[in-house]
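A short write-up of the structure that comes next.
Chain naming follows the written order as A, B, C and D, and within any one chain the residues start at number 1.
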Amino acid sequence: MSKLLSLAAAVGLIKDGDTVALGGNTIQRSPAAFAREMARRKKRNIELVKTAGAYDVDLLALAGCLSAVHAGYIGFENMGLAPNYRKAVEGGQTQAKEHACYTVIAGLRAAAYGIPFMPVAGFLGSELLEVRDFKLVKDPFTGQEVVAVQKLQPDWAVIHVHEADVEGNGRILGSQFEDALMTRAAKGVILTAERIVDKSQFQKHPESVAIPGFLVNAVVELPGGAAPGSCYPLYDANIEAIRSYLAMAPEALDDYLKEVR
Amino acid sequence: MSEHKPNYTQADMMTVVMARLLRDRERVFHGVASPIPMVAVQLAKRRQAPNLVYLSITGAVDGLPEAFPRETTTDGRLLRNTASLFSLTEIFDLSARGQLDTAFLGGVQIDQYGNLNLSVIGDFHKPKVRLPGGAGSAALLPTTKRAILWRTKHDPKVFVEKLSFRTAVGNVDKVITPLGIFSKEDGRLKLWRVFPYSSVEEITSLTGFPIEKSPDFAVAKAPTPEELAILQEIDPNNVRAVEF
Amino acid sequence: MSKLLSLAAAVGLIKDGDTVALGGNTIQRSPAAFAREMARRKKRNIELVKTAGAYDVDLLALAGCLSAVHAGYIGFENMGLAPNYRKAVEGGQTQAKEHACYTVIAGLRAAAYGIPFMPVAGFLGSELLEVRDFKLVKDPFTGQEVVAVQKLQPDWAVIHVHEADVEGNGRILGSQFEDALMTRAAKGVILTAERIVDKSQFQKHPESVAIPGFLVNAVVELPGGAAPGSCYPLYDANIEAIRSYLAMAPEALDDYLKEVR
Amino acid sequence: MSEHKPNYTQADMMTVVMARLLRDRERVFHGVASPIPMVAVQLAKRRQAPNLVYLSITGAVDGLPEAFPRETTTDGRLLRNTASLFSLTEIFDLSARGQLDTAFLGGVQIDQYGNLNLSVIGDFHKPKVRLPGGAGSAALLPTTKRAILWRTKHDPKVFVEKLSFRTAVGNVDKVITPLGIFSKEDGRLKLWRVFPYSSVEEITSLTGFPIEKSPDFAVAKAPTPEELAILQEIDPNNVRAVEF
């Protein structure tokens, strides 16, 4: 049962209007090449789910793909704001469904655990409670009020991994971020992988394989798929390429997408 | 500022006082975009806090980077030396159950109660400026035992009378600026330290809310030669200054 | 900062009346030697937490240590019921706080996540809802009713691991069971370890180290500490020893505890 | 029973019909004390369901044991061949979100609605017999897409008019006994198959609730030589019979 697909075919699984969780964190191991292909194929009305995003989210905002973004942080850290995400939100094309990263996690947990909501500690006092769809719930044991986060179930989780086999088993080295949780919360899972390995490699160290194949719908072999972000320890972020992206005029996007594969 | 030019930068000063606030054995977390905390933690570990438990988004526990990444603080380089992984999710859980000692958090705007705004300038739904978002702060600030805030600009647009939006509220203990340190006492930020090259007057004129001195107010001790030497050794590329 | 303790000193950390979660599952990698030492030291009014237990729970019941057991299953699988646990419950000395294994997990999750309760799917229709301390809670988003499990925070989690370092980092090979969750839910953690390794061993493969040292209070070097249960792949369960334990007259316990170290 | 002695045991029969119920690609779980399901899964994988996803408490995904453990079904031997770990917690979550296809569950008592008791005989708080407990059943039975129950004794103490205690209720599909198979239809257990060596009369006399035949009632096909040969090959030690 090989689940290997071309990048185009895998992106084709995603329908306009879908909710898509992207793995990785800021410029680390995010599915950047997958996001570019989504931009090329002009996906529309996508709702993204991410704890902390940068290039992937900004590029999809620039390409007009995004109706909303559920995230705790969208920015380029020490390099500054996310210019195109900013513009898309300020212009009203994209809704910023701001979270604390932990409430993204809580919403994903509710989806993964098959429950309608998750109670979450903290958060009281934040105006996010008033402007976003968080609610309070009474602990039935003590009467204490606690914040409730509604189930956040993506249609797809898209995760860039170091190694996958054709059945969809996936192995991430180093920082795991919230990727395993996303694969449990989503209805479907797409992996892009630096390399395809034989299943027997995983059978030697099953405890290091965070994503079991039976949860995965499609695997794309995509070396360099996190660039210009990093895929530690294989490659560092290409800062020059990120800065040049940040300096790019919006009109240059089509050329950029043709050039950067 | 004093005309006598000191042998250290504002970035050095902020890093050094931040490091001094840390205690041995405590559990400390920083998130995205946190170069000064990233360096300050290593400085503290080299001095008074060798057994401080250092947690970051990378999942590293006590990561000891050979070199600090310049553009990001979520980089795999922070994983070096770690003997186990403890993910961001786990760090939030740790804080939620009351076991995180110190979280470093930033604020684009900070008010006199130590509340912060990282969300928007203007209306939340139709913002004039969409900011990056509060990241972990709305969850961490109320649950960490203490938060240390920092901001590398000290002006009335940062330290405001009224926030455009209240992203997070909670257990702020100290707020470090390039000019001094506020301490939250009796529910308000009081001026606790002024840096040697600044003054109460300068801080007052650059702060959007009224300045009241803490009973423990003092002039901060300048970075010592030992502190500066360690800084030079662990951060020769001056990553601590990247936010200036 | 070495956390190495003798078995006696580690057991000494546990006070009468404490709630103690035991790692492992049925006769697999449970902290059997630790349980025997608890029995020798005549711990009293202990509340155990376990998903599925066998020898460890039965022995502590026989020794009169247990006021209550929170668990989904206590038995010796294909070998039959847990005779001494049965007797302790039927005689009224020990309260069976029966759970579905999943509600033990839910209670531990609430403790680990710092929330007063966890919603949990399923469970409706079970009479356990009526006789045990589960409640219903209304989802504030949809009004749907869902079962709520109260936070279950052990004073101690006691986990038998394959390898630990003196700082308390712990590595489990193969089945992880619910042990990592227990170490997050409990106020304190005690590891018994087949062997003590140098931290540098873990630094090579941090992703395989499920228990970070900073959560751990004490480490005991205890080769064979899961016997007569298994510690796969190091040793199988000693079925003969388990059957002989099961056949033992209650009065023989003191001799047994002297003999079996 | 028939006087002609068949060339297979009741354990063979139960294992074979259980395996036949499994479908290719579905996700299947068994828990503690489940020797017949453990063997039946491997039989099904060797025949009509090579891509069945086999989950167990060990965390193994598609474990392919060289030999079956005899006393327990949570043994590390089940880990052989697994390419990832998927813990019990994750299996419960999978079921809770509606993605577990089949769960094998047992019952010390089973009533005509397919509800089961694994908790106590007598009063819950002052039991005459304290049973092992329902393990996963109260959580899994209502959330798995279907449950297949089995019990190696068929008598009126097992198949009762009224349970001592209702441990779990839910999506029971089939109940396999040494004499036949019940199917839950319109909310009740109907007799769906009788095994070749038994009869409706025998089952009626050994069941504590009234027997009604399913519209699909038939005599089960005896184990084929091929099924028996595979059983002999994968389970030469006859672990499937350990509950008898």
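One rule holds in what follows: a residue touches a chain if its C-beta (ideal position, glycine included) is under 8 Å from a C-beta of that chain, and two chains touch if they have at least 3 such contacts.
Everything quoted here is computed from the prediction, not taken from an experiment.
With steps allowed only between chains in touch, the distance from subunit B over to subunit D comes to 2.
C-beta contact counts were set side by side for A-B and B-C; A-B has more.
Relative to subunit A, the chain whose mean Cα position lies farthest away is D. Rounded to whole angstrom units, the spacing between the C-alpha centres of subunit A and subunit B is 27.
Look at where the CA atoms of subunit A average out and do the same for subunit D: the two points lie 40 Å apart. Computed centre separation for the pair subunit A/subunit C is 36 angstrom, with centres defined by C-alpha atoms.
Residues of subunit D in contact with at least two other chains: 60, 79, 85, 95-97, 143.
Within subunit C, contacts with two or more other chains are made by residues 113-115, 120-121, 174, 176, 207. Checking each pair of chains for touch leaves A-B, A-C, A-D, B-C, C-D.
Against subunit A, the residues of subunit C that register as touching in their complex are 110, 113-121, 133, 135-142, 144, 146, 148, 150, 173-174, 176, 205, 207-208.
Residues 31-33, 35, 57-60, 70-77, 79, 85, 87-89, 92, 95-97, 115, 119, 124-143, 165-170, 242-243 of subunit B are the ones that touch subunit A when the two sit in their complex. Contact residues of subunit B toward subunit C in the complex are 27, 51, 53, 60-61, 79, 81-86, 90, 93-98, 143.
Listing the residues of subunit A that touch subunit B in their complex gives 25-28, 51-52, 71-79, 81-82, 85-86, 89-90, 92, 96, 98-103, 105, 120-128, 131, 174-178, 181, 230, 232-233, 236-237, 239, 242. Listing the residues of subunit C that touch subunit B in their complex gives 1, 111-115, 165, 167, 169, 184, 199, 202-203, 206-207, 209-214.
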